[in-house]
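In structure tokens below, several structures.
After this come two complexes, each holding chain A, first together with chain B and then together with chain C.
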Partner chain A sequence: MANPELFKDLSSRRLTWLRFKRHKLALVSGGFLIFLYFIAAFCEFFAPYEPNWRNPKAIFAPPQEIHFIDNQGDFHFRPFVYGYSLTINPETWVREYTQDPQQTHSIYFFAKGQKYQFWNLFSAEHHFITTASGQYLHLFGTDKLGRDIFSRIIYGARISLSLGLIGVALTLVLGVLIGGIAGYVGGRIDNLIQRIIEVLQSIPTLPLWMALSAAVPVHWSPLGVYFSIIVILSFIQWTGLARVVRGRFLALREEDFVVAARLLGASQLRIITRHLLPSFMSHIITTATLAIPGMILAETALSFLGVGLRAPVVSWGVLLQQAQNFQVIVLTPWLLLPGIFVILVVIAFNLLGDGLRDAADPYGGHQS
Partner chain B sequence: MATYILKRLLAMIPTLIIISVIVFVLIQLPPGDIISANLAALQQQGMEVSTEQIEALRAQYNLDMPLPLQYFHWVFNFMQGDMGYSIKYEQPVNTLIWERLGYTVIIAVASLLFTWTLAIPIGIYSAVKQYSFGDYLFTVIGLLGLATPSFMLALILMYCAYTWFGISVGGLFSPEYAEAPWSLSKTADLLSHIWIPMIVLGTAGTASIMRVMRANLLDELSKPYVVTARAKGVRPLKLIFKYPVRIAINPFISTIGWLLPTLISGEAIVSIVLNLPTTGPLLLQALLSQDMFLAGSFLMLLSILTVLGMLLSDILLAVVDPRIRYE
Partner chain C sequence: MTDNILEVNNFSVKFPLMKRGLLSRQVGEFTAVNNVSFSVQRGSSLGIVGESGSGKTTLVRAILRAIDPASGSAVFQSHTGAVDLCQLSNKALIPLRMQMQMIFQDPFASLNPRMKVADIVSEPLVIHRPEQHREHRQMVIHMLERVGLEADTLHRFPHAFSGGQRQRIGIARALILNPSLVICDEAVSALDVSVQAQVLNLLVDLQQEMNLTYIFVAHDLNVVHHFCEQALVMYHGSVVESGPVEQIFTSPRHDYTRLLLSAIPSLDPDIKLSPLDRNSLSLE
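After this line comes the complex of A and B, so read on.
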């Protein structure tokens, strides 16, 4: 930092925030993620359609483009899309949709559209974007049943993004608890926990996940499957975090301030919660942030293979299940759009985690 | 050294025993078994199956025994090389498994080599030329590689290979070589197919190793001995490769063991997309149809491979790093 005198009166939390703010990429990523989580929380409102609503006029239809200027060259203040006109290719018998300039479907904001149950609490019908009834809007195209990909991605965000967060929360609890016990108690318990971690880590992850999720009964409710997938993913993930926590505990246990607290008669619980945990909380938060993308990718992979979440649940992995072979990329590349969102979210979490790590490291000042 | 290796070998035994218990529990977890699943299918077709027949089938696969006994039966047969019988494929597991496992190992090793030959030089470059254009470029590419689900990368590569080179790239062999005996041209055919799974699998690893290499080397480069050497006029190339690189590379040798399970995991999904004759697709099928001997053998063998990989990396590390004591 340029002038240490300027910073000496600031609290450590304020210093961390100042260091974090210098990471423009991490800042942008954080904003992007908050934005996505916000949309996911209110997905009923932001999605123009219900995830399972079918538009019989559009099967495997390509994305529509938003226009402001119509084919007469007139400018419209209200954006609009062109409707589809269907032709069947006489040689290949493939349905081909072209955007028909005769049909203009205006886009309305905060207007009434399909009815929906908001958070299962009350029914509402206002959408962020929608069209007049009888008209349709497919910004990301439709799938084989004529379902709107854009709406499905927004609904899928709720499942995929929350799964990452809840999964990491569970991982965190398991990892901190078990790693903390190993590091603080030490001795034989530590040895035992170390062996367990080694065993769990030496089973290849994906086959293990596949085996566990294949064991989830078919007749379970979607919510049951959702939580069992979370438990399955956390079941492996905690081991890495537990090692980190253990290492930190071992190192900190002998530090002067901990010894002092012990000599002053502080209880074990107090030492752990007041002295040990705060001193590496930032480190744990960083590790957790970097673990979220792993969770999201794992869910995507499992659902893609058909052993993760199952329809009618909509997650990004479930959506990508439709892109199993490469004819999809040739004929209907927009089915891969959920994958773009997976990539963006994973990158954003990685950048955010990097930023947090640098910000939380009080010795990192020399880097700039 | 020999005692060290022996000790590590002995330490593997309890690990493998616990893994075998976990694997056995895993394949027993799904409710019902393949007999009842097959039975339901037969009854749907209107076939009558008598209870005696069912009991006979169960007895044939030892399914009528209490679970602990089933476990010991399975483990002892496994150790004698008899991995049981795949009910779904109606073949002994042994005939199904070895070739596929071989291809899995080939692909994993190829990806490992690909990862290293790419990641370590790039990591060195990025560290030496920190904050240069190339450093940023590789960081961006690395992030993309890390974030792209492997099956998507596989689909995209397949598409590129199809549109640019006009070759269909599923599988490991062209149709005419699939059943042919091994020959030079078959090996060449394998090499022309293996690069796609190799790139797909290696990419995520390359991205992370690249970053670790960069960070490690940066730590080393700022140490006083490097500054001293530079001040004394040691040539830049020699300066970098003589000490800092050798130290920065150490962690990779110790993590070969950790990389192998990742590669084998990744291989499972990529080979399903690319339709490779490896363990992944068969394992998925076995798990879905509760073909327990097949699934169990796969899980067990893959775990053994991983444990062996870790042993290998421990030994390598002990050879490379004289600071490690053999206690």
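After this line comes the complex of A and C, so read on.
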């Protein structure tokens, strides 16, 4: 800090925020993630179509381009897309779509479209973007059944992104509790917990995940499968966090200000809640942020392999199942778009976590 | 009749030496403090000197039961009568802690960086006098004034202060419950020399005002000379010499004390520092 006088009256939380704000990349990543989570929360509204609605006129159709100027050269204030005209290549039997300038499908914002149940609470029919009935809009193309990839990615975001958050929350509870016990009690119990962690960490994760998720009964409801996948993923992931927490507990227990609190006569509960936890809350938040992409990637991997979430559920991993053969790359590359979103989210979480870590690092800043 | 506030007898602290491995086991023990006995008179100051690793800090921390001692007794004259600190459970110690406090060496590490000064200084009150919570604020302001800090420090965090100011905060925290015994664990050795003098003078003033008894751990002999009436010299966990400070300084009986005294630099730059040769002395 250049001028300590300026920072005199600021709490460490404010100082952390000031340091975080200097990390432009992390700030942008944070904004991007908030934006994605907002869309995921209101996905029924933002998606133009139901995830399972099929457009029979567009099977494996490529993304449509948004136009403002039609082929007569007239400017339209309202953006529009051209409909598809389908020809089947007589030699290869491949469906070839071209834009048909005769059909213009105007895009309407905040207009009535397909009916949907919002959060299963009430039915509504307004969408962020939609087209008139009988017309269609496929910004990211369609899949083999004519389902809109754009809508499915938005619906998939709800599952994939929330799974990361809930999974990490569960990991946090397990990791902080077990790591805290190991670090605070120490001795034999610490030793036992460390050995258990070592065994868990030495099992190859992918086969273990596959074995565990194969054990999930097939007849379970999608929600049941969703939560059992979360439990399976957190069951493996808590070990890393538990080690971090244990290490922090062991280090902090010997800190002078903790000894001072003990000599003042503070109870154990008071020492833990007032002195220990606030001191490594920032570390926990950082570690958790860096653990979310691991969760999302794991879910994607499991679903891609067909042992995670299954078909009626829409997650990014489930969407990527359709991209399992090499023809996709040549003929229908837009089916890989969910993968781009996975990459973007993982990068954003990593950048955000890096920024948080730098901001929370007590040795990075104030040396008075 | 002597009025000893603390009597320590045959006091030892040991640490187990563990063999590392899958099944760790104890292979021996390290004696950090070996059979130490001394007493402190109410209202006086006792200095404990020795080199790094001689067990001074371990000794005082074990007396306050931050570490559990292996054997011996430490009889403390509390307001309600004599108690042996070594016999009490951690719970039973809590009410006694308001009568004996500690000032730490490192003013940067001993204050929780996430608490405001008002919360740090009032924490002893919150723990021991929760029923008077309306008066806490006034008591904190009063205490801060006594250690020479202004009331506008209340809502700041420790990182906004210099080392000397932080040490004053630590002193305020230690003295706000009006303890009778205060242990200063190298309380000034982390400070600048000019600030050292200020803090030492503050401690002397407070001792007279509040009738405090100090145990003063230091490796700086001049500080002990200036500050204390009695002194212990520790070496390898044992007391090698004890008695009035003047006597230790003018006629040291043990070779180790002579070694320490010979290592004090003179104020006259022409007098070269010539510490005794460690190998030529019989230190055990």
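One rule holds in what follows: the second predicted complex is superposed on the first by the 364 of 368 C-alpha atoms of A that agree within 3 Å, B and C clash if a C-alpha of one lies under 4 Å from a C-alpha of the other, contacts with A are read in each partner's own complex, and residues count from 1 in each chain.
As a convention for this text, a residue touches a chain if its C-beta (ideal position, glycine included) is under 8 Å from a C-beta of that chain, and two chains touch if they have at least 3 such contacts.
As the structure is a computational prediction, the values presented were derived from the model and not from experiment.
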| item | value |
| --- | --- |
| Fit or clash - chain C, chain B, common chain A | fit |
| Which of chain B and chain C A:264 touches, first, second, both or neither | second |
| Dominant contact partner of chain A by residue count, chain C or chain B | B |
| Which of chain B and chain C A:170 touches, first, second, both or neither | neither |
| Partner chain in contact with A:275 - chain B first, chain C second, else both or neither | second |
| First, second, both or neither for A:215, with chain B first and chain C second | first |
| Touching partner for A:191 - first (chain B), second (chain C), both, neither | second |
| First (chain B), second (chain C), both or neither touched by A:295 | neither |
| Which superposed partner A:255 touches (first chain B, second chain C, both, neither) | second |
| For chain A as apex, the angle formed with chain B and chain C - C-alpha centres, to the nearest 10 degrees | 80 |
| Least C-alpha distance (whole Å) that remains between chain C and chain B when both complexes are overlaid | 5 |
| In the complex with chain A, residue positions of chain B that touch it | 14-15, 18-19, 22-23, 26-27, 29-31, 143-144, 146-152, 155-156, 158-159, 162, 258, 261-262, 264-266, 268-269, 272-273, 283-284, 287-288, 295, 298-299, 302-303, 306-307, 310 |
| Contact footprint of chain C on chain A as seen in their complex | 4, 7-12, 191, 255-257, 259-267, 270, 274-275, 278-279, 362, 366, 368 |
| Residue ranges of chain C touching chain A (in the complex, touch as defined) | 24, 61, 64, 66, 93-95, 97-98, 101-102, 104-106, 109-116, 123-124, 127-128, 155-157, 159-162, 170, 173 |
| Contacting residues of chain A [partner chain B, same complex] | 195, 198-199, 201-208, 210-212, 214-215, 217, 293, 297, 300-301, 304-307, 320, 323-326, 328-330, 336, 339, 342-344, 346-347, 350-351 |
